[in-house]
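One structure, as structure tokens, below. Some questions next.
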Amino acid sequence: MSEPEAKRTKTTPAKTAPAKDPEEEPASEAKVAILRIHGPDKKGIVAAFSQLLYGHGCGIINAEQSTDTAANLFFQRIAFDYSTMHTDRTAITHGVKEVCDRFSMTYSLNWNDTKKKIAIMVSKYDHCLWELLLRHRAGELDCEIVAMISNHEDLRSVAETFDIPYHVFKVTKATKAKVEEEELKLLKDVHNVDLVILARYMQIISDNFCRVFDHKVINIHHSFLPAFIGGRPYHRAHDRGVKLIGATAHYATADLDEGPIIEQDITRISHRDAVNDLIRKGRLLEKNVLVTAVKAHLEDRIIVYNNKCVVFD
Amino acid sequence: MSEPEAKRTKTTPAKTAPAKDPEEEPASEAKVAILRIHGPDKKGIVAAFSQLLYGHGCGIINAEQSTDTAANLFFQRIAFDYSTMHTDRTAITHGVKEVCDRFSMTYSLNWNDTKKKIAIMVSKYDHCLWELLLRHRAGELDCEIVAMISNHEDLRSVAETFDIPYHVFKVTKATKAKVEEEELKLLKDVHNVDLVILARYMQIISDNFCRVFDHKVINIHHSFLPAFIGGRPYHRAHDRGVKLIGATAHYATADLDEGPIIEQDITRISHRDAVNDLIRKGRLLEKNVLVTAVKAHLEDRIIVYNNKCVVFD
Amino acid sequence: MSEPEAKRTKTTPAKTAPAKDPEEEPASEAKVAILRIHGPDKKGIVAAFSQLLYGHGCGIINAEQSTDTAANLFFQRIAFDYSTMHTDRTAITHGVKEVCDRFSMTYSLNWNDTKKKIAIMVSKYDHCLWELLLRHRAGELDCEIVAMISNHEDLRSVAETFDIPYHVFKVTKATKAKVEEEELKLLKDVHNVDLVILARYMQIISDNFCRVFDHKVINIHHSFLPAFIGGRPYHRAHDRGVKLIGATAHYATADLDEGPIIEQDITRISHRDAVNDLIRKGRLLEKNVLVTAVKAHLEDRIIVYNNKCVVFD
Amino acid sequence: MSEPEAKRTKTTPAKTAPAKDPEEEPASEAKVAILRIHGPDKKGIVAAFSQLLYGHGCGIINAEQSTDTAANLFFQRIAFDYSTMHTDRTAITHGVKEVCDRFSMTYSLNWNDTKKKIAIMVSKYDHCLWELLLRHRAGELDCEIVAMISNHEDLRSVAETFDIPYHVFKVTKATKAKVEEEELKLLKDVHNVDLVILARYMQIISDNFCRVFDHKVINIHHSFLPAFIGGRPYHRAHDRGVKLIGATAHYATADLDEGPIIEQDITRISHRDAVNDLIRKGRLLEKNVLVTAVKAHLEDRIIVYNNKCVVFD
């Protein structure tokens, strides 16, 4: 399925790290953990968590909070420095769990010393893929790209350029369910993937796939959802005569194009633009919207609730 | 129906013309006519019209053209100076008609010495109304505002501030058809209106109204159509968790919110925004999108075809 | 100086409150105080303040923080509900002061039961003025507009429409210093003004004025500063052939157009735009940028340091 | 100077053409010529050229015109189909010249059957380079990339990936003049280059270079000019506390950063952004602004006059 190792290692002209920007400041090597919590809005939550972290010797680097007053829900993302921690991770995790129980909150706690593993699924379009790979290499996406999966051979050379294993799974109606099982095995068991990116992957993934990777599959749809759900959105946008086209990155769920929206953007079009111009202008939107969404996910800035996303800055 | 003249003339504190911007250049007083043509794309059209105008002594000030290659349609807007015309309007109109017949084109020809007459229909929201009135007074909208129609008394004082007749037509289910007839009579027979603007008017106008004012009713809808057609779009946008909200100005047609789109714009929102924030941010969008669309119509920059708008710059 | 009361009360057609948006949710009537702090970044600050407020029975509604790592400075804005406070304002203020002393922080603490008083200074342009007045009336700007000052009579009728005292101070080179003294007396002693808005006021205010109202004068400049500092920016933008024009709202300081920037925005222009088009497009920018900046100031979302503004969301 | 051929041909994994978008319409293979004219605005120009082309059997595909009324200058770009021409290029060119002489116009006439040849100059940053190469390969930039020039070895592997000759010219103060002569010889004599793109090339090119490639060198500057002319614009933007950063593509002239502006764009920043964030956000701006400008140049949509650019749509 994957290309032979021998061949891949020969052809890697572009994989050298990019030149460091001489105008850039050196990055700090802080030990940062991200705590995300959400649940019913109550007095004392902020105090409880900041006190807890202070008690363990951790400094809060950044904290953002938000409230959905209609739903009476509270959300918070705390980035804290654990280099000065005078207990240990187990103790902090235990403390967090305890406070969450007291306030009926849900939490998620990530330490930044393990990179997330991601896989990219593609078909034939390469614009989103290149943007992901190049911005990863520029240091903008903090993760490890462990695999690419495609239903076509077309983009193998791109994978090789970046030295990423490229797996082809041909899909037919008859084999679809069985193939997806193999894909899941590869993603879960072999690569232990944390996030799957559908970079204009032209197959619909199953409900089961979405359940296995719950809120861990990011798709890019080439319209400003909920307008133009489904196929050929640029053609339909052209037919309708809209003056803006858009792109939407969202978590894939069982309902096609109905998952929680992470990021959207639009660009202006005019009567002068034919369908091909929409497709061309849309490519720019798609790749940038997708990378922005992936970046938010990787930095643990998203909390999903009620099929919506809180996306902290 | 209208308020007594006596009262209106007393209270006009704000109607004085705004100060002329001292940085602004004096406007030229050119005699300009606008010719819009469209039809099947054929060789020789551009040459034929430019030659025709030249032959009558008219200089082309600006000409924009566009082609819908899929539909094989050609569109052109020519602004020409007729101050140096050495024939007359009848002769030019005759010539235009002749060339159009030869090329199976449709045309529209407007001379700039008669201002278009417009009426504004409102309910209780005043933001679009104020923007229209203030930018009209600032000289940005070249027209005469001859009437306001409302189903409520609320905005009478605004009309009085600008010395515009304000007509109230209460609408109930039972009287709706009859009332609309009266409105049409007022707009058509009394005021001879060229354009009706629905400035967040909260009643659905009938198919008949749309037919009488065919592509002469501009509505502002508070979503980026075709998303959130119909009522309460901001609530539905909030429920869906979109990251952008929009507004759309379009010609009203028999199909609700399905008419030709003239202008759209969006603004970014986040998880922090409650429905009220969407409504507040949306007001800015609505008023600016509406004025932009009205301005395009007044300047004869729009050609409608296949339920779409060519909007020249 | 001001117009006679008798005359003003007669002519107020537009001052009725706008219709309430039926789609809008009723506003909550929370008792909210805003605490802003900044100073050297140290561990424990967040915990200390959240603990303090919790100890007095106050719930944190929102808290945003930020760090300038290069300058090693920490900034925080905490909005807290004091309706459940079981001590009093003096005690909380005392506590805040104590914690600030411990961490060498500066603080500012505002309770939302007293509206800020603002004055608007204008010359002849009215677009910024109208936007301020209308959005204030729509409930978007939480303040009391207590006075307008102008060097011309032109906009008196607008003031009357909204029932705001209008004071004219003619300025000549000879009288400038003396007149400004009178203006300051009026603003300070008579009206006790918290914020002065220069809404395209065409006089340069003195260093002394800026000192008296330190970071309490907001000016709108019609360029994207630092481009086109000084006069006739649209003309210079046109000469330079830029493809974007901008507007900048900033606190006025002794250095002309060099004060801390609060908000900026731009709009796209093209070779088709003459200087007058830039002026027209710029008006939209100016009024929206100014209102956004004023809104941020009124909501205590700004912290000024090193001639820069932290503007919380 | 250039890398050995042998090595380059072995390692070209990414140079395969991208998959054709199945949603895209097939491109037409029209024979199109572009005529650009400008000069004093006079009556009859439009008619004369459209008549001329019609007389030679050519259909006008698109025509855009513009007037700088202050300077009394007229500009036009006409795209015409010469597949049906019943004379020849010499005859048309002769006719164009004649009409231009009559109206004191300047013209430029390009036939689309010869691709423009471009060279890209780079130092160590690769983001602009990749965007140019990928969008060229996606068919968006109609040209032939014949050479890359750099003062460093760093980006050789990128050139190899796309099979483009890569020439390294080390520059020191002492050798600068001599090296530039060699570069010019390579660009002019060897490669016969039509356009030089400075894709974040970190050397200042000489006045002589600019003269030799008059309005044929496009540079990308990382600020919204005329703000932050010269070095380290992101640092200076951060110091000034602006709320927007920008990028500007312009023709390089003898005056540094003062050449005619082709395209600009901005992105919003906040107090949360450190200099490195500005650099990262700026990369997106720079690459997109540069490609947009290059595309306009390649499509003969630019007319330069008075150190400004008319950029037709």
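Labels for the chains are A, B, C and D, by order of writing; each one numbers its residues from 1.
What we mean here is this: a residue touches a chain if its C-beta (ideal position, glycine included) is under 8 Å from a C-beta of that chain, and two chains touch if they have at least 3 such contacts.
Chains and their UniProt names: A, B, C, D = ACT domain-containing protein.
All of these numbers come straight from a predicted model, not from anything done at the bench.
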| remark: Neighbours of subunit D (ACT domain-containing protein) that also touch subunit B (ACT domain-containing protein) are A, C
| request: Work out which chains are contact partners of both subunit A (ACT domain-containing protein) and subunit D (ACT domain-containing protein). | output: B, C
| Chain whose Cα centroid lies at the greatest distance from that of subunit D (ACT domain-containing protein) | C
| request: Starting from the mean Cα coordinates of subunit A (ACT domain-containing protein) and subunit C (ACT domain-containing protein), work out the distance between those two points in Å. | output: 38
| query | What whole-number Å value describes the gap between the mean CA coordinates of subunit A (ACT domain-containing protein) and subunit B (ACT domain-containing protein)? | reply | 43
| request: Round to the nearest whole Å and give the separation of the Cα centres of subunit B (ACT domain-containing protein) and subunit C (ACT domain-containing protein). | output: 35
| field | Touching two or more other chains - residue numbers and ranges from subunit A (ACT domain-containing protein) | value | 25, 66, 69-70, 270, 272, 274-275, 313
| said: Applying the document's contact rule, which stretches of subunit A (ACT domain-containing protein) touch subunit C (ACT domain-containing protein) when the two form their complex? | reply: 25, 28, 42-44, 46-47, 50-51, 53-54, 59-67, 69-70, 81, 84, 313
| field | Residue numbers on subunit A (ACT domain-containing protein) that touch subunit D (ACT domain-containing protein), as the complex places them | value | 10-16, 18-25, 27, 123-127, 130, 134, 138, 140, 152, 154-155, 157-158, 160-161, 232, 234-235, 270, 272, 274-276, 279-280, 283-284, 288, 313
| note | Interface with subunit C (ACT domain-containing protein), subunit D (ACT domain-containing protein) side, in the complex: residues 66, 68-70, 75, 224-228, 240-244, 246, 260-266, 270-272, 274-275, 306-311
